[in-house]
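In the two complexes that follow, subunit A is the common piece, with subunit B as its partner first and subunit C second.
After this line comes the complex of A and B, so read on.
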């Protein structure tokens, strides 16, 4: 096989993978997560059983390296859309998004290079007041809209880290500058995220997140929840993300009583 | 959102290049949103002073989420340790370090600065072997970026 053929075949495998999983999927009962591990270790099974006492649904985000940003954006936008009786959620979200433009400019990003992603993201957010749950899902399954939102979220994280270097530079590898770190790990599509990106995104959006860490650790039966808090008082209950090594999905907490999730 | 994203973005970039052309960079041909040709002049006071080069940009429908294909074309391909005689350029931002915040102008400026910092005009050591096996599209090459000091 020539290199060209190998590349074509690799692309075909990727496309096939992509066709199997939408960028953001319909939500499913947590039983589906249990099924994934029915032949797996008792540690996973016990944790999922415990998790399902407080959480009842999950939503998968495609494992393309952008899963964290896409899951965060969808979970946030869905929360705003479902709370039509609480217009302050929408106002706060639009305000945070509008402020992100100044943050990106302050971080020396060129308006020309980011405004298309910004405008698509802002427009989607503004449209939430009349979106149905199906329309929001369709928007996040559309490559151009969904990837533009992911890109804007990446740039918000990068801009936050660059404008708060004194706080975050100590976490970088020796000799690496924040600009290098961001261009390598944040600004390029498909680069996986780590905790620093999560912290930055909660600060920029003023949205709190709890991450449920599902691991095969035999010593504990409970899923470990780690909260990430913005600097301001959270104006809605935290988004809940499910983390399995290398991948993020969305979780639905029973006590949040979200109605109309598709 | 009538126009697709690549067309919206490229019309803005074209407008900006026409209004505020960076020093030493000019548009030779940009009649569609598929292939652009730009002229790049070697900066004064560098090894390339007085030389004129041509760059070709090929944009796919996923630009700017995916990088354009960029290479030197024409009969004067700069002699530089990171530029092969077939026009292929070994520069990380064109491949695995691509980010959609790059623009045609910023790529031209990166290439100009890559030329300007050069201290010795020579081809990459593996030039002969590379151009025999390389495919037309440099994005299909597995690049190893080992030296960013020249």
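After this line comes the complex of A and C, so read on.
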């Protein structure tokens, strides 16, 4: 087989898997998560039971390597959409997005190459003032819109890392440049994210996020929450993401279990 | 048909026309027919002082509907002797056209990358083993004369293209 045939075949396998799940799913009761582990280890079951004391719903993001970016974007945009009585959330989000354009230019990205992704993301954000939850979900389930948003988020992360090399280059593998790291692990669609990308995205968007690590560690019954904070004072409660090795989904915390969530 | 890809290709088309003076090794980069922005052609010029000097190498470029999330399919239609180009099919082995593609590339920057592949071959991932083996043995004289011969044979006669 030639390289091209191998690549086509790999893509076909991915597509088949992907079509089983929407890019972003309806939210479901946390009981659904418990069901996944009903025949699993006690460690998982105990952790989920503990988690359900403070959280009541979750929303799955497709496991296509973009789940972190898509989950983060959806959770953030949904928060802004539901807080129609708090216009400052929307203003801050639009401002962060508009500033990202200058950041990308400062990181030497060609306007031509990123403008379409940027405009789709900004337009979706601007639409939040009149979107219903169903319309937001439909936008994130639309390949073109959803992937443009993911792509813009990836480029924001890459641009942040490239313009803050002095802070992040020490974490790279020996001999790897930040440009190489970003093109290989950040900018390419489908590449999974690691902690450095979470930190960068938090800083760029000024949105804090807490990641609930659900692991099979037998020694603890509590889910470990890891906070990621922006440099500025957070202006809203953190987004909550559920992490299981290799995958991110969205969690809904009870205290701001908002009305009208699909 | 996706309108996003057409919008993007139109932007690239206009930018390429504006920049034409700034890329010496790219003689041409344009849609084959004006009404089809998803099928392009390019002509790369062999760099002076390289074994490809004097050659004009034609590329066929097919833009998928989900470009630029997915890479364009690019192959040489002019026969070329190069370790990373399949001699019969013109398939190009270049990481950015495959696994390392990122949407921050444009057609123009990709063509520049292919052009620089000509003078910076990567013999460890060959599609043309004969050319790659000469390089790996360090037989530069043999390699250069082989490349020159094929360049003269296939890439210098306009009628042939």
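A few notes on this one:
As a convention for this text, the second predicted complex is superposed on the first by the 246 of 262 C-alpha atoms of A that agree within 3 Å, B and C clash if a C-alpha of one lies under 4 Å from a C-alpha of the other, contacts with A are read in each partner's own complex, and residues count from 1 in each chain.
Simple rule for what comes next: contacts are C-beta pairs under 8 Å (C-beta built on N, C-alpha and C of every residue); 3 or more make two chains touch, one makes a residue touch a chain.
Because the structure is a prediction, the values reported are computed rather than measured.
Overlaying the two complexes via subunit A brings subunit B and subunit C into a clash. In the overlay built on the shared chain, the residue A:110 is in contact with subunit B and with subunit C.
With both structures placed on the common chain, the touch criterion links A:189 to subunit B and to subunit C. Contact with both subunit B and subunit C is seen for A:151 once the two complexes are overlaid on the shared chain. Looking at the shared chain after the overlay, A:232 reaches neither subunit B nor subunit C. Contacts of A:217 after superposition: neither subunit B nor subunit C is touched. Subunit A uses residues 3-4, 7, 109-110, 112-114, 116-117, 144, 147-148, 151, 155, 183-184, 187-189 to touch subunit B in one structure and subunit C in the other.
Those residues of subunit C whose C-beta lies close enough to touch subunit A in the complex are 2, 4, 7-8, 11-12, 15, 66, 68-69, 73, 86, 89, 91, 93, 98-106, 109, 127. Chain contact summary for the complex, subunit A toward subunit C: residues 2-4, 7, 109-110, 112-117, 143-144, 147-148, 151, 155, 158, 183-184, 187-189.
Residues of subunit A touching subunit B in their complex: 3-4, 7, 109-110, 112-114, 116-117, 120, 144, 147-148, 151, 155, 183-184, 187-189. Partner subunit A is touched in their complex by these residues of subunit B: 1, 4-5, 8-9, 12-13, 16, 64-65, 93, 96-103, 106, 135, 140.
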